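Chain lettering (A, B, C, D and E) follows the sequence in which the chains are written, and residue indices restart at 1 in each chain.
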Amino acid sequence: MDLTTIIGWGLAIFLIVNGITLPKLGNFYDVPSILIVFGGTVAALIACYPLNILKDIPKHIKVCFRGKGYNIPKTVETIVDLAMVARQNGLLALEEKAEEIKEPFFHSAVLMIIDANDPDKVRSTLENRLDEMAARHEEARGLYLKGSALAPAFGMIGTLVGLINMLKGMNLSGSGGASTLGQDMSVALITTFYGSLLSNVFFHPIAQKLAVRENEEELYGSTVIEGVLAIQAGENPKYIRENLLASLKTGEQQKLLAKEPEHNESDGGES
Amino acid sequence: MDLTTIIGWGLAIFLIVNGITLPKLGNFYDVPSILIVFGGTVAALIACYPLNILKDIPKHIKVCFRGKGYNIPKTVETIVDLAMVARQNGLLALEEKAEEIKEPFFHSAVLMIIDANDPDKVRSTLENRLDEMAARHEEARGLYLKGSALAPAFGMIGTLVGLINMLKGMNLSGSGGASTLGQDMSVALITTFYGSLLSNVFFHPIAQKLAVRENEEELYGSTVIEGVLAIQAGENPKYIRENLLASLKTGEQQKLLAKEPEHNESDGGES
Amino acid sequence: MDLTTIIGWGLAIFLIVNGITLPKLGNFYDVPSILIVFGGTVAALIACYPLNILKDIPKHIKVCFRGKGYNIPKTVETIVDLAMVARQNGLLALEEKAEEIKEPFFHSAVLMIIDANDPDKVRSTLENRLDEMAARHEEARGLYLKGSALAPAFGMIGTLVGLINMLKGMNLSGSGGASTLGQDMSVALITTFYGSLLSNVFFHPIAQKLAVRENEEELYGSTVIEGVLAIQAGENPKYIRENLLASLKTGEQQKLLAKEPEHNESDGGES
Amino acid sequence: MDLTTIIGWGLAIFLIVNGITLPKLGNFYDVPSILIVFGGTVAALIACYPLNILKDIPKHIKVCFRGKGYNIPKTVETIVDLAMVARQNGLLALEEKAEEIKEPFFHSAVLMIIDANDPDKVRSTLENRLDEMAARHEEARGLYLKGSALAPAFGMIGTLVGLINMLKGMNLSGSGGASTLGQDMSVALITTFYGSLLSNVFFHPIAQKLAVRENEEELYGSTVIEGVLAIQAGENPKYIRENLLASLKTGEQQKLLAKEPEHNESDGGES
Amino acid sequence: MDLTTIIGWGLAIFLIVNGITLPKLGNFYDVPSILIVFGGTVAALIACYPLNILKDIPKHIKVCFRGKGYNIPKTVETIVDLAMVARQNGLLALEEKAEEIKEPFFHSAVLMIIDANDPDKVRSTLENRLDEMAARHEEARGLYLKGSALAPAFGMIGTLVGLINMLKGMNLSGSGGASTLGQDMSVALITTFYGSLLSNVFFHPIAQKLAVRENEEELYGSTVIEGVLAIQAGENPKYIRENLLASLKTGEQQKLLAKEPEHNESDGGES
């Protein structure tokens, strides 16, 4: 479980409430303002997207809170295991092993090489799927980027509504109208505050978290593709591990390669 | 019919009117302001684009309200049917079936493989057409993005007109000039309000909806191209279905693959 | 002649003057403000670009007002005619026909195939020229985009000049200084008004119109390239027409294909 | 020498001073404001870039004022001359001619074909060098774009410093504090004025001029590469000239082609 | 050690403090404001990124202060040395030399050619690693760009908090409420000041410095790749040096080539 989004939100809200000071918290609560900014942003997003994208919002939120979805070092180990099996007993021997792989993309990739497809076809098919997944994620992310642009705009629309009403009312009651000027103006500004908060504390982090998850998925996907093609090409398992791990951070890589010698010894005979 | 744009618009306007409060709705009605913002934005768009792009605006609006135009799962089924016919009776047997396909892009794609064109030529010709469609849609979308940028600009031009007139008039009537200051200023701000509304509630959602439709069309087009080429290559109908469905969402894909076994059985003999 | 730019400008100016109201039009006339905004923007553009780009400005303006420069349906017909001649009498028979083509790009493209150049070379040479034309147009368009960014900036510089002078002068004359406050401020704001107008009504539309023209030219250029290469490859004139017309809008395309049968009959013998 | 940058700067400053009016010029001179905006922008740029990029600033400024560095029509003539020599006496005969070429890129390109390198290698090596030159220029240009973004930011920082100090001091001296309000505020606004001026009159034009120079260099470089490869391929000098000139403006091209006949006659025997 | 970031920061802070003037420095110190802007920006960044990216922040800061990490001229010399060894004694003779290379990318590149891998595979593997390094650096840089966008937003949120509280409180104490208006407003503006400073003085320079480092690494990486492949291809060491140095600045290049003759003489016999 990835708690950084929740921790970040909690911390941001705590610090802002601390800046407001508790007794004045009531100054920042105004129902019509909430409706204009939150409701207006949601309404504009509904106008922007068809139902089949909108109904995936709960999934996106879940992705943000989910822990790192793809354990790439473990995936590399699985690929190396498969490569050793394939080297000793041929690609068909992978059939049994493939059943143990739960993740659908990896599973179908292994099935493709068992079916003895042409390497070029395997690559183009899998890369195509990866591209289509990325395009869908990009579209999902666009929803939150759009939200982060619309929220301040509805904040300003709300402030303009407040200001115009306030200014229009001013001369009706003569100079006495100015007595509530400060209060009216503070209400007008609340919507700008809401819009800015909604954009920077809510929408931006979600859009960014989705982008990070997308990168992870892409890295996972290309690791699987390269690994599966290397298995098909009958490459040395040691070389496969080393090459796939180059895509991890240098630091993590060192730790993983430290474990290498024992494997080296175990597959030493065949390389 | 895709109602989200209408629902979103209705909701946004309801919430803003709720924020204004009904008795004060009159504060937000000012004819010259409407003319400057709405008229000015339209005028600048007319200056930006030649007639042949402007006259397609009704079509674009219709596209936004049209339901999902392309039923991709059904298209995949049609492609699978064609593939089975082609496998049993050859490509020429598709001629009859092609007559039943109404959608012009799919129709002409099937005709191309019946005419025994070279696969590379089929791909390049169809991809070219798809690219040109996309370029035209992109140009159409640009019109609304431009509108969403021009509307707030004309809102500000209107506010400047109001402010300059107001400030210029102030010293003519001495200190008494300030008595209508609030009202004058509220009128000046109305144009900014109009511009912001026009941009965020009208232009942005249309531009975004067109982008979503464009993505759907692109997905449809590439499904047709891949499918038709797979038919021409004489691939296994089962494999064609599986591969084309990878482009749909994982969720929808599962539902569709659930129907697969029966087909598997029916074409089991030939795979 | 393409009147939309002039109509758009006229309409925009009429609506803004209507918002100002005629008797107050004098409020918006201030010579030093005009010099700062218009002159300053022009001065900054002069500083941005060398002479050989600046001296093409009249040409760019002319392009905006010129009607649709390229008649693509007619170009396609010419290509189809050339294809029929080439099929019957060989590529050398095009020499005479080539003399009738006035447009230099099309003319040189036809000459290249008469000279029996290698198809790859014809394509790369013509695409290179097209790319270089596009790069020059992009550079020209950049001038107006830069102008649309500089104009509001000089508007703000002018407003700051006005505000600083006004505020500095305020305490010199005691409380009496406030008597001209409104008027001084209105003058200060005029430059912002000018900058916004110059950017949104003048520069933006010109930049956009140039982009539209560029797209037309690109479509024309690629139609010529594909057509000429198809002639060289000795393709069926009927197929050439159909394929080239796919680049036109679906609507226009239908109209053109309606005329097809007679051609079909006339060239039926050779296909 | 390219005077447009100096003329543009002079004109912009003259028009702004004209707007300020000479007697009030003193209002716009404030040493701490100059230090915050100019110094702060320079300080932030120093923090942004390592020394080896910062020390090239004088070179960049020189490039802006330098006249058109590359005489492409003359380069084309040189290439045509070399092509004629190569056709008559072979590539080795170019050695002597190569000594006369001062420009290092052209010189090394000619040496590469004399050394009988493989055409693919010549192209990839020269294009690589061109790309690396472009990347360096892009990095240099980034410095001025960064400056044009930082200058208004430091202008605003300065204005905030002035406003905060002014507002904080207001209640110390009771209502009397307002007597210098105008003057204090005008000083606060001066930094915004400086920042806007620095960005739009200084940084933007330099960044743009460097971009124009970069385009020229790229055009020169690709002319040299295409020309040298055409010489190596032993192409017709007349065709080389015609093809290379297509990269110049249509206008200039006509003038140059007008001179062509005499050359045509002189090299008529060999084509 | 690269001091420009520290020098730039010091200079910027000195100039701003100079603009504030020392006795008024206390006006700019307010704990809740610091918490909203600094804390809020950090909180939003925590919400944006998972832990494994956040924990690399100290590394990024270190990279900014580290001197030029890659000595490319020296790397070129090493490559030339390796090339001479390889030419005389074959690729296997590099094994000993490879041990002396500490930098892991260069080291593994040399090992790859010793292992007699296919040149295409060497290139694709190394370029893949370089791309993955660049993607990771780009992600890291995104953190600071995001920070530079969030800081002013939290500055504005803080100012809105201050303004709303101030305006709400105004009418509670009648006209007397205005007595602290200036001071309250100055406190409200401090957060905008903090946000602007944090963005322009802290986040922007770090993001830019990381970009510069990334370019250096990319240049280093491509130098190593080209060099190692040239060694494998058995090219002339003199030619390798000349070609690789083309990627350095013209100035530095001249200095390095000046040293060339002696090398030329020493390897004259073999070229």
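To be clear about the criterion, a contact is a pair of C-beta atoms (placed from the backbone, for glycine too) under 8 Å apart; a residue touches a chain by one contact, two chains touch by 3 or more.
Note that the structure is a prediction, hence the values are computed from the model and not measured.
Visitor: For the two copies subunit E and subunit D, is the contact made of the same residues on each side, with over half of the numbers shared, or of different residues?
Guide: different
Visitor: When the CA atoms of subunit A are placed over those of subunit D, what is the turn angle between 0 and 180 degrees, to the nearest 5?
Guide: Superposing subunit A on subunit D takes a rotation of 145 degrees, nearest 5.
Visitor: Compute the distance, rounded to whole Å, between the mean C-alpha positions of subunit C and subunit E.
Guide: About 40 Å separates the centre of subunit C from that of subunit E.
Visitor: Quick check: how many Å separate the C-alpha centres of subunit B and subunit C?
Guide: Chain centroid spacing, subunit B to subunit C, equals 25 Å.
Visitor: Residue numbers in subunit E touching 2 or more other chains?
Guide: Correct list: empty.
Visitor: So in the complex, which bits of subunit E are touching subunit A?
Guide: Per the touch definition, subunit E meets subunit A at residues 32-33, 35-36, 39-40, 42-54, 104, 125, 128-129, 132, 135-136, 139, 146, 150, 153-154, 156-158, 160-171, 177.
Visitor: Would you mind writing out the residues of subunit A in touch with subunit E in their complex?
Guide: Residues of subunit A touching subunit E: 2, 4-12, 15-16, 18-21, 24, 27-28, 68, 179-183, 185-186, 189-190, 192-193, 196-197, 199-201, 204-205, 208-209, 212, 215, 219, 243, 246-247, 249-250.
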